[in-house]
Every structure is written in C-alpha cells, then in structure tokens.
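Alright, structures below, take your time with them.
Presented sequentially are two complexes of chain A, the first with chain B as partner and the second with chain C.
Moving on to the complex of A and B:
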C-alpha cells in the first residue's frame, strides 16, 4: 500500500471502516437499545404499567397458561410457555397449529403467540399491539423489508469489516495509552481524532468482544464448512441436535388421545433438580396425546453461558425421561459464553446499563470515524474550496450519508416511540404502522440530507432529533398515567418506565448540546474578517 | 514505484489496490473456509467440539489474512503469501475428501 506497515494499516482502517460505517451505526444503535428490549416493550404497552409491579408465583402463572392453552389450542402440535422473569411480568404462550398441508407446511405461518396477564390468565387484549423492543432487537441483525438471510449476510459482512477495522486501527495507533487521556476540543480535525480515539480505546475490550461475539452468534450461517466436513454423512441437522438441547423430546407420531399430566408438579421437579433455579420455557410436544413430552429449560440469568440444560418429561405419566445438555464440554461452554456475552442476559440492570453506555460509545466511535474522513478529505480540498469550487462527489456523498444516518437515526428512533403513543390503538396492522413510521422518518431525513448536505442540515436534523427525544417524556405524560411525575417523583414506579423516560431525555439533551456547539461555532466564524470568511465557512460547512 | 502523481493515484496503483481487495475478501474467505473444514475434521476432540472450535477460529484466520494482504510490500507479494497456504490447505482438503 503506502510506504510502511503502519501507513498501510491506517489505509486499511480508513477504508474498511468507511465502507460499512453507516450500516454499523444502525446495528450499533439498535443493538444498544436491545439491552433493554423488555423494558422498551413495557414502556410501549402503557396498559400494562399498572400490573407490571405485581408479580405472581411461577406455579400460579403456569397453571393459568395451561388452562388458557387447553381452551384455545387443544389441537396444537406443540405449546410454548415463557414464564415471567424478573424483567417481564407477563407470560407468553405460543403454539404451532396442526399442519393442514402436511409436515412440510410453513411453520412460521402456523405459529400463534399471545401475551397473558399472569394475574388473570386471560389474554391481554387491553394492551395495544406493538412489536416493542423486539423490533429493535430484530432490526440489529435481521434489518427489515428484506429476506432474513440476506439481512444476516449483510450484517455479518459488515461485522467482518468492523473486526478488520478494529485490528488495523489498533496497529495504526502508536500511542494507545497516552491518547486515551488526550482530548483537545475546538481544534477541528485533531478534536475529531481525539474523540474517535477516546471512544474507541475507552471501550476497546467491549468493541472487540461485541464484534467477535456477534459473528459467533451467526457463525454457522457464514461458515458452515466445519459442519459440512465433520457431519458429511449425517447432515447438518444431526450436528444441531447434538449441540442444541432445545429440540429434545420431539416425536414424529403423536399416538392416541391421552390426558396431559399436570405441569405444576413437573415444574417443581425441575426446579428441585436445579436447586430452586427459576424456569425459563416449557415446551409441550403433542399435548393430549400418548407420546406427549414436556421439555423444560432453566432461566438463563446469572450464568455467563447462554447454553442451558433441558429436562425432558413424559407428558402423560409426568415421569422424568432424560436430561439434555448437562455437563457440556469446555468448547460448548466457551461458545455458550461468547454467545451469552453478546446477549448480556446474565447481566443485572446496572451491568446492562454499563453495556448500554459502551454501546453508545460504539455509536460515537463509528460516527466520529465517519466524520473524521469527511473533515480530512475537506482539508485536502481546502484550496479548491476556497477558490469557490464545489466538493468532490465522494465528499458530498459521505457528508450526506453522515447527516442522514448520524442525525437521522435519532429522529427515526424517536418517531418509532412517538408513533407508539399517537397511532390509534384499534388500528389494524398497528405494529407494522409503528415500524413504518420509523422508516418513513428515517427516509425523510436521509433524502433531505442527500438534497442539501450542508451545515444547516446538520443543525436542523440534530435539533429535530433532540426535540423529538426530549418530547417523549412529555408525550408520555400527556398520553398515560405513568409519567415521570408518578413513576419518579411519587416513587410509585414502574422503574423501567421511569428509566426509559430519563434515558431518552438525556439523549435528547446531549443532541441539543451538540446543536448549541454548532451554533456557537457559526457565530464565532461570522466574526472572522471577510477575507478568510469564505474559506473558513466552507471548511467547517460539515466539519 | 511512485504511487501517486500530481493528478492523483496512477492507474497502476488503483489496479494494485483492487487486486488486493479481491485477494483479501475472496482469499480471506477461502482460507478461513479451508482451515475450518480441515480443523473440524482433524482436531483431536469430540466431533461437535471440533466443529465449534474450528468455526470460532475462522474469523481470526479471515482477519489475519486481510491484515497480511494489505501489509505486504506490494500486490505480488500479497498474492504470493496468500496463494501458498491456500494451495497447501486445498491439497490437504483434497487428500481428506478422497480418503474419506
């Protein structure tokens, strides 16, 4: 490349980063929000705020879930029951209806899912329909409006570029420790470099971890050749059956009708076996048939590894038939731990808050890197710009993409939350409408940025984002009874709702501060003597 | 060799960069795939464990290949250093397949 190892690594860092930074920004932002996806879902269903702080025992919750399923899904092939957790008080039940078009029918379209109120065992019909935090979680690796497999390949390729950018970035960095304590504000390019260094180095272990573990979560899709070579005769599915215990206890034949054993004692047996650990999910295969089986997995909290053992019971007699995945190999635990690190389900609220901050610093790292490219390139073109020439096509494109993504994404996120409160509750296809609002707002920001990628556009979009984010607690106060006045000042909770309001408020304030800095700088530039004014104004047009 | 002139990068330089990008992306994936396939078959541990270990190492192999391709002094060296291990691993993979 250029002369010298470090120079060529700097080149690699710049281009591998720039090429994918806008997708990475979306992945980082949505992934960061996903640390609190349960809490976001709770905020987005204000009808549940009143009941959110009154949990019932697992036993009661389970009995009610089974009663509901027997009433509504007696003929289903398989039941799924997700029990309440510390973070979410609701029970989720799901079932796969008997295939009409044979075993090869589309399983996804036959899957039904409902959220039950643990206090009554009834479907929470009062709660508004929303994808909640689940949309943001899916967005960060499934994107949207495209087949899931394409999206995962796109995100995986971006993650590979990110890994290359991180490693080459570290090599480039000669004074990694010193730069960590260096910040020189108000010095143009140097300040952006410092900001990029500080956010990148401060949370470097986190960035390496989250990028690599993200690849690990999708590794069998992008790199299936190990399975191909070692499981050539038996096929991929036997590998997955060996590694993932959740598919245990499945039978092709359902058998004749038979009464399902009561799940309460079975669950107690499982709890006792795991020394009182809480249970996560209960799968009932072929309920109401002779070959029924019950598969119970342990709740994941407090263990690093995502891999959890499952207990399999006979669904008619209630006797334990096997345990899968207990005493996994060191390698399986390693993979499970890497997977678990990415999901952070083991972390309590405070540790997740720390991860959230690291994720935000990742957003700032990506954003400042993208801005740094624009600032440097502008400097190279400074002489031509001073003579009144237009920016190069590449610089204009990067400027526009930077505005549309860095300033546009907060608008899109805020629009999603605004839509949650403002879209009529009884609208058909309501969840999709909220999601459309997210993308409509983002598209508007991105198109406007392409039309006029200027400093004014930066200020405009950042101001809109700041106002919309800061407006969310206000909007919540106007549309619900669980606003900050109740949740925080009267101390009545639910705390996740208060936390959400405070977080978006702080993010809005942060954006507003950025806007203030931009205004001040503009004012200062206006005082510069006229000769240098044109050049200076052009220099900082999007700096 | 001069990489840039007054009017920007030379055509030769651009071509060399393009060839390295191809080497890094295609070569990186090919080498990572071959190493995964061979390690999954030959690592001395339980079969499922070997598969997982090999697959987790694949991304490190890919990253190292990309670093190598762009760190090499010129594009010829980059390709040479890539093709050599690629040929060796491809040969081993061919042996493995014909043996099984």
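Moving on to the complex of A and C:
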C-alpha cells in the first residue's frame, strides 16, 4: 500500500509537472527578471543614465516637479508626482486635465505624464519609448497577445499544477535527507534527477512560498466565492475598499480659486511623521482651488507588507487633515504580506539578489524536470532506437518543446534587449516593436526546434543564446556612454546598469559552459561504437 | 542587509551545511575514501556544529532584518550556501572540510566586525 501510494504520487508528479512545465518556465524566467524590473527599465532607457548617477535630494526634486507642473499644467484637475527612489533617479510627473464642458469622461484619456531630469528640472524629451522591465513583469502573469483574463486563468491553473507537483514531488522523493547534497554528474538520467532534486530541495521554502503567494495574488480570479461568502453582508466592494485604501482626499467640488500652499513644508511634515522615511508619491487634487488637497504616500519601507499608509493635507492651509491606512485591518495585512512576499518590494538589493538566485534555481528545476521526462522516455525506447526506429511522437514533441522553451527563452530575452538598442529611437509604436522582436526570436527558435529536435539543435540554440547574452555588454558599450568601462571600471555608475551588464554576461557564460559540456559529450560518444552504446544504455537501465 | 552581515551569514551557512554533510555516510566516504565511516562521536559533534551553524544564520538574519524578513533572508542564504556545498562535494570533496573549517574560523572576526559596524 505504502509503495503504491508513493508510486501514484510519482505518476501525479510526472504528469502534473510535464503538462505545464513550458508555461511555468516562461513564468519563472519572466518573474525572476521582474525582481529587477526597475533596473531593467533604467538599462533600457540609456538617456536617463546620466541623471541616475547624480541623484538630488527629495526637497530639490519636489521643488523642480512643482515648478514644472505650475508652468505646464496649472489648470489640471489632479497632479501626480513620483519622487526619485534608491532604484531609479528620475522624477516622474503626471496630470489629469479638467474634463471639458463638465462632462465626466474617461480620466485615463486626459492623463499625461513626463519624466524630468532631476539635475535641471527640464522635461526628458529624448528618453526613448520602451516598456522596459514592465513588459517582463506583465508577461509573468498576463502573458501577451491574448485577453488578460484568459492569460490569468492559464497562469493560475499552471500555478495550481505547480503546487500539486511540489507536494507530490516531496512525497515521491524517498531520500530527501540522504540525497540532500548529492549530485553525480555525467551519469545520464541519475544526474538529471540529482540536479532536479538539488535545485528543488535546497530552495524548497522559496518554491512553496512563491507558488502559494502567486496563487493568492491571482485568487480573485480562481475563488471569488470565498470572498463573496466571507463578505456577504457588506458585499464584495467593501473587501476591495478595505484592501486598497485609495482615492483619499478627493472632493467633488473644486471651489473658487485659491493659492496652493507650498509643498516643501507639507512634505517635511509627512517625513517627520514617518520618522524620516523617504516619500514616494504626492498627489495634488484640484491645485489652485479652495478645496485643494495633498495626499502623500511613503516609500515602501522594509516591512513585509505591500500596503503603505497615506497622509492627507489641506492644499490651501497646509494643515494635516487625515491619515489613511495606518493600522490597516487584519484582512488587508494578511493579503498585503502575501502579496508583498511575492513581489519582494520590501527587499533591499541583497535580499532581492537572493530571490533572483532562488528564481534561477526554480528555472533550473523546471528545465531539469522537463528534460528528465525526455531522458527517461528515451531510455525506455533505447532498444527500439538502437535498432534504427524513430522516436515516438510524444517523445519527439517533448524534445522539440524542450529545445524551443529551454534554449529558446534565453534567445528571446536577449533579442528583447538587443532590439532596445538597435530599433531606431524615433520609430512609431517603438515599445511594441521591441516586444515583437522578443516573440519573433522565440517563434523562430520554437519552429526550428519542431523541425529538427536533435542534439545539434540544442547546441546551436544554446550557442546562439550564449553569444547574444554575452554580446549585450558589448552592444551597450557600442551604443551608449554608460558601458562597463565607465560604470564599473571608472566607478561612476549608475550601478544598476553595471549590475545588469554583469548579470547577462554571467548568464551567457553559464550557457556557454553548458554548450562546452554538450560538445565534449558528443566527442566521447562518437568514440564509443554503437554496440557499446546499447550495452551502456542497458547498464544504466538495470542500475 | 549589509555586506559584512551577508558574508557572515554565508560562511556560517556553508560551514553548517559542510558539518552536516561530514556526518553523512556517503559524503564522509567521498572525502576520506571508499568504505570510510564517521566515528559515532564525530558524527554527533558534526551534527551539533552543523545545527549550531544553521541556527546562527537565522540569528544573524533576524538581528539584521527583524522576525519577518530575516527568516526569508536566512532561508535564501541557506539555499545559496546549499548550492555551493553541493558543488564543493561534487567537484572538490577532499578539500571541502578544509574550506568549511576556515569558513567557520572566518565567522568569528566577521561577527566582531559586523557587530561593531551595526553598533551593538
């Protein structure tokens, strides 16, 4: 019975994993990259690099933002100011224009935003259009080229299967402690199993956490009835109001004209209230009117939760009128903590690097699991294959998908970054062009893999991926003035740009090492006569 | 998380995992030759030291970042040290005990520097 249970769990693990592994690979890879989405966006807008290495104080940044808004958007309904953070030096300003003829039209169509150079306070007109890391972040759960709702359902179901695979995998793994540190390279199936186990077990807390919290962030889609029953009396909307305390300080009537209170002292008041925490965003409702209000939020500090309180001030007198979301409800804290744990906004650079490495180990776990299925199945068909028979349809399909996803994704990511530097800056629809490059490169890799799923194709695609990734720092050196020579060797920063270059370089080197191992193995196998191969396959089968 | 704190947690985790691996038959044999088995006393000592190392990793992480984030950070450090340990045991098993021992020795000065830096 015991053995039977374990075997049925092994079956469940194999098939729940195999069914979704290629989507999971994309989700893991894009999600891992998203830990550094702001750094990626900075790297992809080289025009902002100079400003990022000479940060200004928050007070100066705020003065410049207000001056710019008073010049360009004095008549706006609402101002938004995003102050520079540790991770991105630029000031972002935005405003919503007054609705025409008093009509309550779509606020989004009246919204304009600009990026200011923190050093001069002038508009950064030259910054190229790109979606940067935001694309990778959205790709992580909204996929692309399909309605968002479908995509979230697909990702949710894959995450659910992932959770099933994790639990059944733990049960199946008989020697979880005995094989804790075990890795035996060069032994075919055994090595893949060891690699799969090691990357899964060593980062197990991370895998469980990220899958579970990922499910929770998508839970509004999967289990709406849970919320409906718990909040039956007040209705669903009260849950949302409890979780997202936004829209504070808004007034229907703007009132007559009045001078806006200086924002500097207001910001100082907020800073003092939060014990000197840096401010994140400042929203001014109805600037220049009697009912003006100022809403200030704090930068996400080092608490686990994603939720941050906001302070509301009177926009004319400058007096504090209320505080929102300080001491939030238990529901909000729980959801905020789970959400925050998934997004890792609380993390400093060190912790984010740890998450990134754990994410990479997740990619290796998914990839090695997918490969393991192919290796095992090939061994089952070893005798037929040795007699010259073709692979079964299933094995051929899995082989091709493995190449297209595992070797193809690095090519797609690299193509996205190459496109960022090579697509002309003034092209219309430029962000979409970059994204198209991502998918065109990936589609090419996937189609080639379907046409010829062979070892040669593995080597070819991994070599291309390695070369493209290693070429990125070079490309950056040729197309910008913030290459590694400046950012690292002259020590002038910005450090996120240097970090990006080094990371893609290391990933490229890792792929190149894999290619080297494949070449060596090919050479070794060429020396062994075919009869020996069959015997070796039989040996490993019995072992 | 500071560089010193991170380095301290990492050497503690590497040393801790190393000690635990030394108490396991397979890895002991990998290090000392086929068929060698650890003495019961050695096994107990290594298990104790290993557990102590792991506990100290959490101690360092929690002191740096509090109970919530510290635990997450500690688990992350342990995962990375675990991967390093797997690679050491696979490719340089004979040298691992030496590296792990010196990692443990290095923990003492690192801890002092870290305590001074973060202000006791």
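Just so it is clear, the second predicted complex is superposed on the first by the 463 of 543 C-alpha atoms of A that agree within 3 Å, B and C clash if a C-alpha of one lies under 4 Å from a C-alpha of the other, contacts with A are read in each partner's own complex, and residues count from 1 in each chain.
As a convention for this text, contacts are C-beta pairs under 8 Å (C-beta built on N, C-alpha and C of every residue); 3 or more make two chains touch, one makes a residue touch a chain.
Quick caveat, the model's predicted, so the values are computed rather than measured.
Chemist: By the touch definition at the top of the document, which applies to A:444: first (chain B), second (chain C), both, or neither?
Modeler: So A:444 meets neither chain B nor chain C here.
Chemist: A:346 in the overlay: touching chain B, chain C, both, or neither? Say first, second, both or neither.
Modeler: second
Chemist: State whether A:154 touches chain B only (first), chain C only (second), both chains, or neither.
Modeler: In the superposed model, A:154 contacts neither chain B nor chain C.
Chemist: Which partner does A:205 reach: the first (chain B), the second (chain C), both, or neither?
Modeler: In the superposition, A:205 contacts chain C only.
Chemist: Counting residues of chain A touched by each partner, does chain B or chain C come out ahead?
Modeler: Touched residues of chain A are more numerous for B.
Chemist: Quick check on the superposed pair: does A:358 touch chain B, chain C, both, or neither? Answer first, second, both or neither.
Modeler: second
Chemist: Using the touch definition from the top, say if A:8 reaches chain B (first), chain C (second), both or neither.
Modeler: first
Chemist: Along chain A, where are the residues that touch chain B in the complex?
Modeler: 1-2, 5, 8-9, 11-12, 16, 160, 163-164, 167-168, 171, 212, 215-216, 219-220, 223, 225-232, 239, 242-243, 329-332, 334-335, 338
Chemist: Which of the residues in chain C come into contact with chain A in the complex?
Modeler: 1-2, 6, 17, 20-21, 24, 26-27, 65-66, 68-69, 72-73, 75-80, 82-83, 85-87, 89-90
Chemist: Write out the stretch or stretches of chain B touching chain A in their complex.
Modeler: Contact set of chain B toward chain A: 3, 17, 20, 32-34, 36-41, 45-56, 58-59, 62-63, 66-67, 70-71, 96, 100.
Chemist: Within the complex, which stretch of chain A touches chain C?
Modeler: Residues 178, 180-185, 198-199, 202-203, 205-206, 209, 302-304, 337, 341, 346-348, 350-351, 354-355, 357-358, 361.
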